[in-house]
Amino acid sequence: MFKVNLSTPQSRLTIQKIGYLSLTLIAILTVVPIIAIVVHIFIQGFSAISWEFLTGFPKDGMRAGGIFPAIVGTFYLTLGTAIFSIPISIGAAVYLSEYASENRWTQIIRIAIINLAGIPSVVYGLFGLGLFVIFLQFGTSILAGCLTLSIMTLPIFISTAEEAMRSVPQSFRVVSISLGASQWQTIRRIVLPQAQPGILTGVILGLERAVGETAPILFTAAAFFLPQLPNSAFDATMALPYHLFVISTQVPGMPVNLQYGTALVLLLFILGMNILATLVRSHARKQRQW
Amino acid sequence: MTSRILLDKKIQHLLDEILILDSMVETATLEAVGALKNHDLESARKVRNNDRLINKKRFDLENDIIVTIATVQPIMAGDLRLIASILEVVGELERMGDYAKGIANICLQIGNQPHIKPLIDIPRMAEIAIDMLHRAVGAFIAQDSEAAILIPDDDEKVDALYNQIYRELVAIMLADPTTIDRANLLMWVAHNLERLADRVTNICERTIFVTTGELRELSPSDDEIQTKNE
Amino acid sequence: MHKLIIENLTLRYSDGVEALRDININIPVNKITVMFGPSGGGKSSLLRVINRLNDLTDVDHISGKVLLVDDKEIAKDILDPNLDVINLRRSVGMVFARPVVLPLSIRDNITYGLEMAGEKDKNTLEGTMEISLKQAALWDEVKDRLDEPAIALSGGQQQRLCLARSLALEPELILLDEPTSGLDPISTGFIETTLQELKKKYTIILVPHSVQQAARTADLAAFFLQGDLIEYGHGDELFVNPQDERTANYIEGRFG
């Protein structure tokens, strides 16, 4: 260790500059891996992207052709997850934020939610397999997959929705009540509209997780190969994350660029959702009236 | 509330100034009457000139009061009554100073002419009136309403002396018309002293107002002498 | 005639704090009654009893009677658990210390109460809005921008908006809890002048933010100290010659 003389203003200034530089470097370093991943996947997979790739069916045992059914499958799964989990989450969040008084029950509920968030996704997959696929006899289906993914994303949605509602100033509620509105009117007219951007952001980020997970859909919804698109909720489906897993591990002689191409599409999907969430957030911040 | 401390200081200053003004008036009155009794024209001139100082003190005090009201707020309740009353009391004292000046002027007017009667009752009136004034201002400053209520009783003595002087001077005037001029002047001196005593009663009323919030007359003010017809 | 008759009102919060102790006071109609005193005296708690806003807080014990008297001299007890509180809150308007405008347009802010009450007729809403804004001396300043967000207004304007918002429901009683505490002197003056006008039509209870404001605005004044009502009288008399020593000391700035 070298001793530094801190007694002169000059040396203190130098220390400050060094500190600042180090922090800047660390910040840059943080971003490097992300950029590296994106660039790497982009470079490797760009060549695979074509109209045919995006809209065609896989051919030659996945080694050629397109990934259209996987894209569609992912889309269906996301949609289904949204349909099931959003109403339940908002309902739960409204209850926790607006109606429930702070007692042991609400504490227990919150602990349960936190625990749900911590369960590994593969456990969800097994749970979904046991309950939806086997017990309820839905079979490997979009329905089973969506329900499993819904349960998985519930904690995120409930937390962010509740957070969004809690951040609406209490003074609005007091004023609304003092003007003769009922609690429900206050929620409907003031709290929910003001919490909407926060809830929306939470929904996008939650669905994003659902999009990218392989394990939950592994046992419940995903199929290796389907010659045609699913017709009903009870059909199994291909999905991007599972497809990527399969072609990277199960298919011998798989062209590398197609693997990266699939990864690229998935990545773009997720990046797109992130950008959407950011736009929603910044728009809401500009529009905020408090 | 830091303005409380500020206000207390200002009030204390105003009360100190009232004491000073009071002592100026007491001195002026006693000196004027003394000058009159002893034909001391030099002393009389001094009293007449010093009235200037009394007037100045009055205006300075009134200015202090106005500034206090403007700068220390709120002025309410007891403080308000006190400050409003100080304003009144200052006015009364200044007018009493004018009475002293009037007596000094009469002394100068009579000049070296011999007195038509030895001056005993007039100095006596002055003594009682000034004693009343001294006690009244003391009670005001101490906010002692019990003491203040008793003071106007002495006004009866002053009024009695005034009536006596009046009768005597009328008798002298009737006996010897050449005394009319001097008699009139002496009447005026007695009148001034009688008015001074009345004004003391006003100061006592102010003390009651400050302490209890009541505005009431303490004794009927006798502006005119009682005639047989009343 | 009295608008509000309070008998033996006692209020205790669940943390044991006795906010009001056996309060007895009658509020006359069409006058400004001022409730003043050092903080913690119970004034805000009393206001919140009157429009039952206390229902939202942790109240342990409340007893006594709070009678609201209408034009036909019929009294109803505000503390009655079966009372329609939502309707009560429409007849008792409240303006808070910090202006809280709802995250809506100026127009929607004013008509909020009426809309929540079920009023749908556009003409009625518009008409009432205009009248309320005029009563609150705000109409001229906002008539050309009624659809702008209310948050764009200045502090003084926002507070007048809050006043107009309460007036739109045509309440019987208007409660104001330190309404000018965050405002500049000009806005404060505006609101005080408006209150003098409004008292011809409404009954007003005001918690002032200073003794000066209390003295300026009070027709009647009530001095509260740590949950007790110490003195209650006409403004002219109480501020010149308070009967209780504690009132005098507070007014003269010896504590508080």
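Should a chain be cited, it is by its letter among A, B and C, assigned in written order, with residues numbered from 1 in that chain.
Following the convention adopted for this analysis, a residue touches a chain if its C-beta (ideal position, glycine included) is under 8 Å from a C-beta of that chain, and two chains touch if they have at least 3 such contacts.
Fair warning: this is a prediction, and the values are worked out from it, not measured in the lab.
A.B. asks: In the touch network of chains, how many steps separate subunit A from subunit B on the shortest route?
C.D. replies: Minimum number of steps from subunit A to subunit B: 2.
A.B. asks: In terms of CA centres, which chain lies closest to the overall middle?
C.D. replies: Central chain: C.
A.B. asks: If every chain is reduced to the average of its C-alpha atoms, which one ends up farthest from subunit C?
C.D. replies: Chain centre farthest from subunit C's centre: B.
A.B. asks: Pick out whichever of the two, A-C or B-C, is joined by more C-beta pairs in contact.
C.D. replies: By the number of C-beta pairs in contact, the winner is A-C.
A.B. asks: Where the CA atoms of subunit A average out and where those of subunit B average out, how many Å apart are those spots?
C.D. replies: Here subunit A and subunit B have centroids separated by 95 Å.
A.B. asks: Provide the C-alpha centroid distance between subunit B and subunit C, rounded to the nearest whole angstrom.
C.D. replies: 53
A.B. asks: Starting from the mean Cα coordinates of subunit A and subunit C, work out the distance between those two points in Å.
C.D. replies: 48
A.B. asks: For subunit C, which residues count as touching subunit A in their complex?
C.D. replies: Per the touch definition, subunit C meets subunit A at residues 51, 53, 56, 86-87, 89-90, 93-94, 96, 98, 100-104, 112-113, 116-117, 149-151, 162, 165-166, 169.
A.B. asks: Please give the residue numbers of subunit C that touch subunit B in the complex, ascending.
C.D. replies: Interface residues on subunit C, with respect to subunit B: 211-212, 215, 239-242, 247-248, 251-256.
A.B. asks: Applying the document's contact rule, which stretches of subunit A touch subunit C when the two form their complex?
C.D. replies: Residue list for subunit A touching subunit C: 169, 171-172, 174-182, 185, 189-190, 193-194, 288-290.
A.B. asks: Quick one: which bits of subunit B touch subunit C in the complex? Just the residue numbers, please.
C.D. replies: My answer: residues 1, 3-4, 7, 73-74, 76-81, 213.
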